[in-house]
């Protein structure tokens, strides 16, 4: 087989709660894009974030987020950790689009611990060749 | 690349609990369709809701719900907020179909707070070109 | 557009907990296949259930489950409710395959209330034309 | 119809919490790949696990995990149970790739019981022919 994956992905849902019931990094409320690069070349991914009421981060005021996923590696990217060109606002609806130079696979995951009970979600993202 | 997305989408699951343990809008039980329009033209979306035991809202008695997602914007649409041509009944099974004039991406999300513990779900919707 | 959907669907995950913390039907632990028939003809669906260690229900000892989803209706089918040709065993891993004579859309949903906290999951099923 | 499924699948998300609130196997924190083989021939599946900071299990130091799903059977494979060629480390991000010699369908499921409340997730995996 060839390398598995596609170059263009979208996660239409996004929302980072500002509240968490825990300090442990594993249990802080977060949104994650799990990105697999199963191929033999590093993946250079441009990540653009869209909002309800303002221009997307990356366009036109900023360049997009630039992420590298090395060959044969997975990256579980937390939106909470993004800082360049700017951090992702909390308690705000957003969507994210991924454009890679080599095939990748993207899965969305979230953990909500606003209350003491942890709730999880996950879905394979939408993709195009 | 061209604009990411497809014009026809379906979320087969739908059910808004009438009960919630919280008054905070973020934590009221709800169902959401997260709609990304990453393109340069506004998306005009006709939303039809199907039920188990009656004709779909929109057909034949009503026109469908009419939603606009501006260019380069995301809309996290709560079914709870729909009022025209009618509100969506609570505690009732439904499905939803989206027909857009430009490519969009749709993801389903839900939050259930009938009990004090919040539970989440999410999935990329079913799409066709 | 034509009628949205595909004729062949699979939900690889299935497991009905025998325990629930509630008697309310809405909160009893359950697995559901949400089936939308957005078209103008009734959908006749043959549902086959596969197990880890025995022949599938439907083959060769039974015919498959026979389900009708009327035109322009949705059916949120609980596996808990299936009785003919037999009920679905609890606490047992299974998968389900749907073969319809007209296009449909299938989404998997589950609710687990073994403990007092309700947990939800959902995903669009795997489909083929 | 022919046999439903595809030969190549990916679950980009993976993470087994080392903590659980229960000893009952059903409620121990786990990650599962639900694999349906609806066809008439046994499926021989090579499973490769990718990490963030080391070479994938299976390459180049080990052969991949070798799994057989018999004809007309489902296998709900827990990553927790994998031992050959090595166990899957806990509290560690990973992704998994499935290469089968016959068509299969793969769905991802997870249960988190680090706290006393059980949280579930599930999604159909990413597939290619």
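Per-chain residue numbering starts at 1, and chain names A, B, C and D are given in the order in which the chains are listed.
Throughout what follows, contacts are C-beta pairs under 8 Å (C-beta built on N, C-alpha and C of every residue); 3 or more make two chains touch, one makes a residue touch a chain.
Computed from a prediction, not measured in an experiment: that's the story for all the values here.
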{"item": "Most distant chain from chain D by Cα centroid", "value": "B"}
{"item": "Listed pair (B-C, B-D or A-C) duplicating the A-B contact set, over half by residue number", "value": "B-C"}
{"item": "Chain pair showing more contacts of the two, A-C and A-D", "value": "A-D"}
{"item": "Proportion of interface numbers common to chain C and chain D (over half same, under half different)", "value": "different"}
{"item": "Chain centre separation in whole Å, for chain D relative to chain A (CA means)", "value": "22"}
{"item": "Chain A and chain C: spacing of chain centres that average the CA atoms, whole Å", "value": "31"}
{"item": "Overlap residues in chain D, where contacts from two or more other chains coincide", "value": "117, 119-124"}
{"item": "Chain C residues within the chain B interface of the complex", "value": "1, 4-5, 26-27, 32, 34-36, 38, 72-76, 105-107, 109, 116-124, 127"}
{"item": "Residues on chain C engaged by chain A in the complex (per definition of touch)", "value": "117, 119, 123"}
{"item": "Residue numbers on chain B that touch chain C, as the complex places them", "value": "7-8, 10-15, 17, 48, 50-53, 55-56, 59, 91, 93-95, 97, 99, 108, 110, 112, 114-115, 117, 119-126, 128"}
